[in-house]
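By written order: A, B, C, D and E. Residues from 1 in each chain.
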Amino acid sequence: MSSMKNPRIIGTIAVIILLGLTPLAFAQENYAMRVITVGMCAAIAVYGLNIILGFTGQLNLAQGGFFGIGAYGVGLLTTDYDWSFWAAFVVSVIGTAVIGYLCGLIALRTKDEYFAIFTMAIGFIIFLVISRWEPVTHAHSGVNNVKFPEGGGLIDFESPVAIFYLVFAILLICVYTTYAIRRSSVGRTLLTIRTSEDLADAIGVRVGFSKQLAFAASAVFGGVGGGLYATVVGFIGPDAASIDKTFEFLMFILVGGMGTVAGPLLGSMIVTFLFELFQDFQAYRFIVLGPIIVALVIFAPRGIVGYLGGFVDKRNRRRRAEEARGPDDDLDSTGASTSGGTGDHHARNIADGTESGAGRTGDTPSSEETK
Amino acid sequence: MLTLDNVSTGYDATNVLHGVSIKANPGELTVVLGANGSGKTTLFRTVSGLMRVRAGSITYEGRQLHRARPNAVVKAGIAHCPEGRHLFGKMSVEKNLRLGSYPHRNRSRTEEVYAEVLDMFPILKEKAKQPAGSLSGGQQQMVAIGRALMSDPSLLILDEPSMGLAPIVVEQVLESVAQINRNGIGVLLSEQNAKASLAIAHRGYVLAEGRIVLADDASRLLDNPEVQAAYLGL
Amino acid sequence: MTMLEIRDLGKRFGGLDAVKDVSLDVEAGQITAVIGPNGAGKSTLFNLVHGFYRPTAGTISFKGEDITHSSPHRTVAGGIARTFQTTNLFDDSTLLENVLAGRIVRSKSNVFDAVFHTPRHRRESRINEDKAMEALEFCGVVEYRHDLASNVPQEVQKRTAVAMALATEPELLLLDEPAGGIPEEETVDFGNLIRSLPQRGVSVLLVEHKMTMIMDLADTILVLDHGQKLALGAPAEIQSNPDVIRAYLGSTAQEEN
Amino acid sequence: MTLFIQQLFNGLALGGVYCLAAIGLTLVFGVLRIPNLAHGALYMLGAYITYFFLTTVGVPYIAAIGIAAIMLFVVGVGLERLVFHPLRNSPHTHHMIAAVGAMFFFQALAQAIWGADFRRMDTPITGELRILGAEISAQRIVIIVTAVIVLALLALFIKRSIHGQTIEAIEQDRVGASLVGINPSMVSMLTLGLSALLATIAAGLVAPINLLSPTMGDALNLKVFAIIILGGLGSLPGAIVGGFALAIAETMTATYISSAVGEAVAFIVLVAVLAIKPNGLFTKAVQR
Amino acid sequence: GGGGGSGEGDTVVIGYTGPLSGGGAAYGENVKIGLEMAIDDLNADGVEVDGNPVTLELKSLDDKYAPSTAASNAQRLADQDKAPVVVSPNAGAIKAIQQINSGRSNFLISAYTSDPAIVQADNPLTMMIPPNFESYAEEFSETAMEHGGKKLALLGTQSEYGQQWTESITDAWSEAGGKIGGDNSVDYATVSDFAGPVSKALSEKPDAIFVGGPSQPTALIMEEARKQGFKGSFLVMDQAKLDEMATVTKLDNLKNSVGVLPVSEYEDPGTEDFLKKFAEKAGEKKVPTSETALNYQGIAIIAKAMETAGTTDDPEKIREAISEALPEVDGKYKVNGFPDEITEQGHLLNPNLEATFLNEDGKYTKVPIEQVSDDK
């Protein structure tokens, strides 16, 4: 198919291959392997966030909480109850799905900022439960010696490389699922909701139901990421479920690019790397990192992938649009080609964002009397 | 007098207006005709500062306006009733209208114009306390026109004011526009009904693909065979 | 055959009867128009039929089935599509993507089909693409299919809105001022588009303020005023109805004659 | 019974703290439509600057708060110009992350300047009042009274004055607002400045009953968000009622159930309220 | 890296991961100062391993109190900087680090926490520095009962450590025949106004109150309690230091309290010099705490163990050598109750552990403490 020639897909595949090969370079470097593997666990949760935020446009601030539920599920079941990792993993993910679904039932009655803060409250309640429910979660003492996945005598997951590839494989599934969703009618459904719920409603989209599913799916990814995280790091404390985790995820997705296939992965890796890089500054690192975060958001608002993809898309669209209009429609094609040719050059200089304070047209579609 | 000299502008990568020059004399009613997408709205948005001028200049009564922000343009006396209305949906109709007088904030003048607006659109009296967003499409259009009037402008820009209005109200609105103009307020108008608008206008411009292709007195445009063919359905 | 049957429909907002005691039969294969002064309740009527609003009185049935309380996605799935008074498209998407969105309601494949790339998924993708293209073509905007919705002229947007509605494969199409913002002189083409809908098996319920167009297209006209029926009949009757002239048409009526 | 009355007053004082901290946030939310997560950091910065002038420079208490408030106004304006203004056409997510970045920056900055150690700020307002057997310090009374006065004045300003209405107008349609002559950029700037100023007044009043540390704003941040959402975004009466209600709920549950529940109660109430009224308590349900 | 422990003029990195930003930053800084002071002094004295002079170097990383970050940091310190020793000052972080220090990477944890769970883990490469906190409960209870009465209110902090203390005090107090009210623990870090929790605790009319978290908020709670009319005695958890508390509240508010002995009250051979050097480094206003002093001792012990073991890069050997090295440590490094033995599990034990009672005259009187066993 022609989509195979799409530079975005090529780029995504390149990133994945590169990542897949890192153990070759770093197999002996426990630290590097650890940072990358933990980063990939986060990336999985970020793919969840991508579904609800990137596709559906709902800012879910409970993702850290779901990550924590996954992590504690695996952590507690493999230690206090001595389950096998795999059983614990499956049960925790199902548990996260159920909790996510239930939270979604209420959460999705709210909209926009209310939804964001509502989910933030849910996330915080999850955190409080984990950090206060001593008898079950051991509160601040955390969960020690989380089991490694059982390799059934074939693979020894205690080896950093083996566990790397386990997480990597699951991450691949997430990336592919995201890709598949994006180009299917399911993805289109979610995207219509992001743009306008009213209009989506009008063309027969089951808005509530779809949002509900997206929310649950996002929670599931969070749980998967958390479950893997627990086994990778071996010890988990309440910080695994904290609101800081959520903001970390958000940072990853924003830097990478919301609603894109490769964005969450790239963002997770780059920001993780950036954070480690600045560790040498200790307490002062945020004097530098803070402004960097702000600058990234301002100057690359669509994230790295969005930024690169934007060029590709624009070019493709223009080419296709001109092709489509074709030569049979003389009047139109002349008009289009003049504006396409000269306008482009013009725009570069002017698109510096200093448009008049009022913003653009598309900003505030005057909402009609429709509900 | 409003003068646009060689104004070019556009959205993102594409230019929409290509060196447009027009003049609107004080107190006159100037109409801009043009097919869909010819750039009328863009032209108006440029005048009121909602869009940046990429080349050329705009002056009004001797003042440079091409770098002015919308709020400064209103203060200079140009009110714009935009396509898409841009009302404050959750505020009452009355508040919407009264906010229109923000540039001058002259109490007695506010009351005067407010009464005039309610006279022009009696239905708004009934709806005064209702959120503007809950009004019907046409009623909202009335609020938008009224709000523009409230700033007590010397030049009023109306972008398809009759959009979505019932035929009987369209007549009435055009009549009101003529009346407003007779009271000495300049009007810059784009209107679907070319014939009716030319009938009340002093001067007219024809815009095609972002360029002025015809500029003449309104009466002469009415007789112009090209215009008749393209816009008057004759 | 009666496609849509509205009986004694009412909708109150606070103390206001936006729609009251309205009854209407929309016949299959016909174009039925609803006109009336601003605020007469036309859009509200549409919202009621489509399921955006819950009626406070009365019933609606479609092809003999009661849909008074059904939600929008059910009504759309059942075969009623609509457009909005202010054009409403997904601005950041191309026209083709917009119209494809209209196909969602007819898509059966789910996430698993997408992930596993099942034959059903592939078949459906192809059908969706074909139908979307067909709708675009039918509405005469196919050459703009790769342009962003926010970048095309209003008329193209209006036509795309119709194409998007058609992509849901409706039997009844509700058009709320489809030609708003299009100069009177240019509405002829647009009228032709609407006129051709019944031949496609799509009945039309139309709200419009452009009298030339209405008189030209409509088989039956319902006139609303203050939420209530003012008149119902063929265009010629309506045009000469003194009540309608006084409340709505004004002098245009004479002109048309 | 004395316990109940004592806790009621403690709850009221805590409510005053919450309200004072929340007003600026609601205002910013009203105008810029952004959840300013850096609000707690502004509050913290305000406290430190007040501390600096009070303790290090040695100006009187009220004057120290005044100077700090003005300085923070400038910081707020700067924050709007440098961070939020460039983002005015972006989705909320971007603001939130940018605000988190700004918060990191302010915290690190404060730690670099004043160190990580807790600091104590003294107040000239001393003494206790006995009301119905309950002991309550004068500082807390001042907090309650200031909170109520500031909130009432602001509510009046927004509802009555045309300047206040500009804030509402911008919230509802930026283009429309600029077309009636409002300068949205200016209003945004002033609003953020004002919110930082109010946060400083809050911090100056509250810091003496607690401690200064670079992270002092964090704990308040989450609660304050719960409050403004509970009351309905941008609603000042909502902020008042929400602030006092949550504070009293918190003290009472902590007293009669358990402190862990007390800590969570704000969020539990929030979840419960939003489940029933998805737009908060004080938003008029406007049909569009 | 400095892999070759027997090269000449080698630099050995001592790793440190602790909270240097966020809520725990002050605590993390205190530990860091102790490490820096020790390393400065040791380098000045000269460390010689296997006949070669060795320079110690501190490399610190911030973990914001998050265990998983602490573990990553530790791994980084061990892998990239080849640190044979990593210092960590909180139990959660230490548990996370214990997941990696004896498997994938090899390094000694210098653990600054009084939670015995970290030695119960049987990690062969952990050295626990402070006394087991459970040692205090009995003496604290007895002392407080002597000066007050039988009814105790609980008002400790909600951290992991605070909760363990609360439990331990609860047991000891009941054993000593006292009565205990409800658990009013609050999170000292997030509470905006302490008046509420204090009122609640006082409503039970207690004779003594258990308090404790970071020094400053603890002081505030005690002040609030006194303001609301509490006259009894306080049991102050070891995280809070009475002398540090005296910098934020009047000494009057603190009287009649039992807590850990301030560093300045120790009479070890090195204490006086240590206090002077500390004042030079951190300023006159800052109060030296046991976090600083005990970690100062800890590094000195490790350096001596390296010398004894004759290696800087074999953590197992270093750990083994500690026992032998303890008596060899120079007196100047003995500042805050120096240990004379290390248990098999890795716990440094000070033979004469003492706490203090701050009496009505504002004088510190010593209270001898008997150390409990680390076993569960």
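Quick note on the criterion: a residue touches a chain if its C-beta (ideal position, glycine included) is under 8 Å from a C-beta of that chain, and two chains touch if they have at least 3 such contacts.
By chain, UniProt protein names: D = Amino acid/amide ABC transporter membrane protein 1, HAAT family.
A quick note: this is a predicted structure, and the numbers were derived from the prediction, not measured.
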Chain B to chain E, fewest steps along touching chains | 2
Taking each chain's centre as the mean of its CA atoms, which one is farthest from the centre of chain A?
-> B
In terms of CA centroids, furthest away from chain C sits chain E
Using mean C-alpha positions as chain centres, tell me how far chain D is from chain E in Å, no decimals.
-> 36
What is the distance, in whole Å, between the centres of chain A and chain E, each centre taken as the mean of its C-alpha atoms?
-> 40
Just curious, how far off is chain D from chain B if you go by their C-alpha centres, in Å?
-> 43
Where the CA atoms of chain C average out and where those of chain D average out, how many Å apart are those spots?
-> 48
Where chain E touches two or more other chains at once, by residue number | 20-21, 25, 158
Among the residues of chain C, pick out those that touch two or more other chains and give their numbers.
-> 13, 43, 85-86
Multi-chain contact residues (two or more partners), chain B = 11, 14, 49-50, 69-71, 84-87, 89, 133-137
In their complex, what parts of chain A are in touch with chain C?
-> 176-177, 180-181, 183-189, 191-192, 195-196, 198-207, 217, 317, 320-321, 323-326, 329, 332, 361-362, 365-366, 368-371
In the complex formed with chain D, which residues of chain E make contact?
-> 20-23, 25-26, 28-29, 158, 183-187, 189-197, 199-200, 203, 214-217, 220, 227-229, 247-249, 286
Under the touch definition given earlier, write down the residues of chain A that touch chain E in their complex.
-> 29-32, 34-35, 38, 132, 134, 139-142, 144-145, 158, 160, 229, 233-237, 239-240, 244, 276, 279-280, 282-283, 285-286
Of all residues in chain B, which touch chain C in the complex?
-> 11, 14, 35-37, 83-84, 123, 134-139, 141-142, 160, 163-172, 192-194, 230-233
The chain B residues in contact with chain D across the complex are 48-50, 69-71, 74-75, 79-80, 82, 85-91, 95, 98-100, 102-103, 105, 131, 133-134, 147-148, 150-151
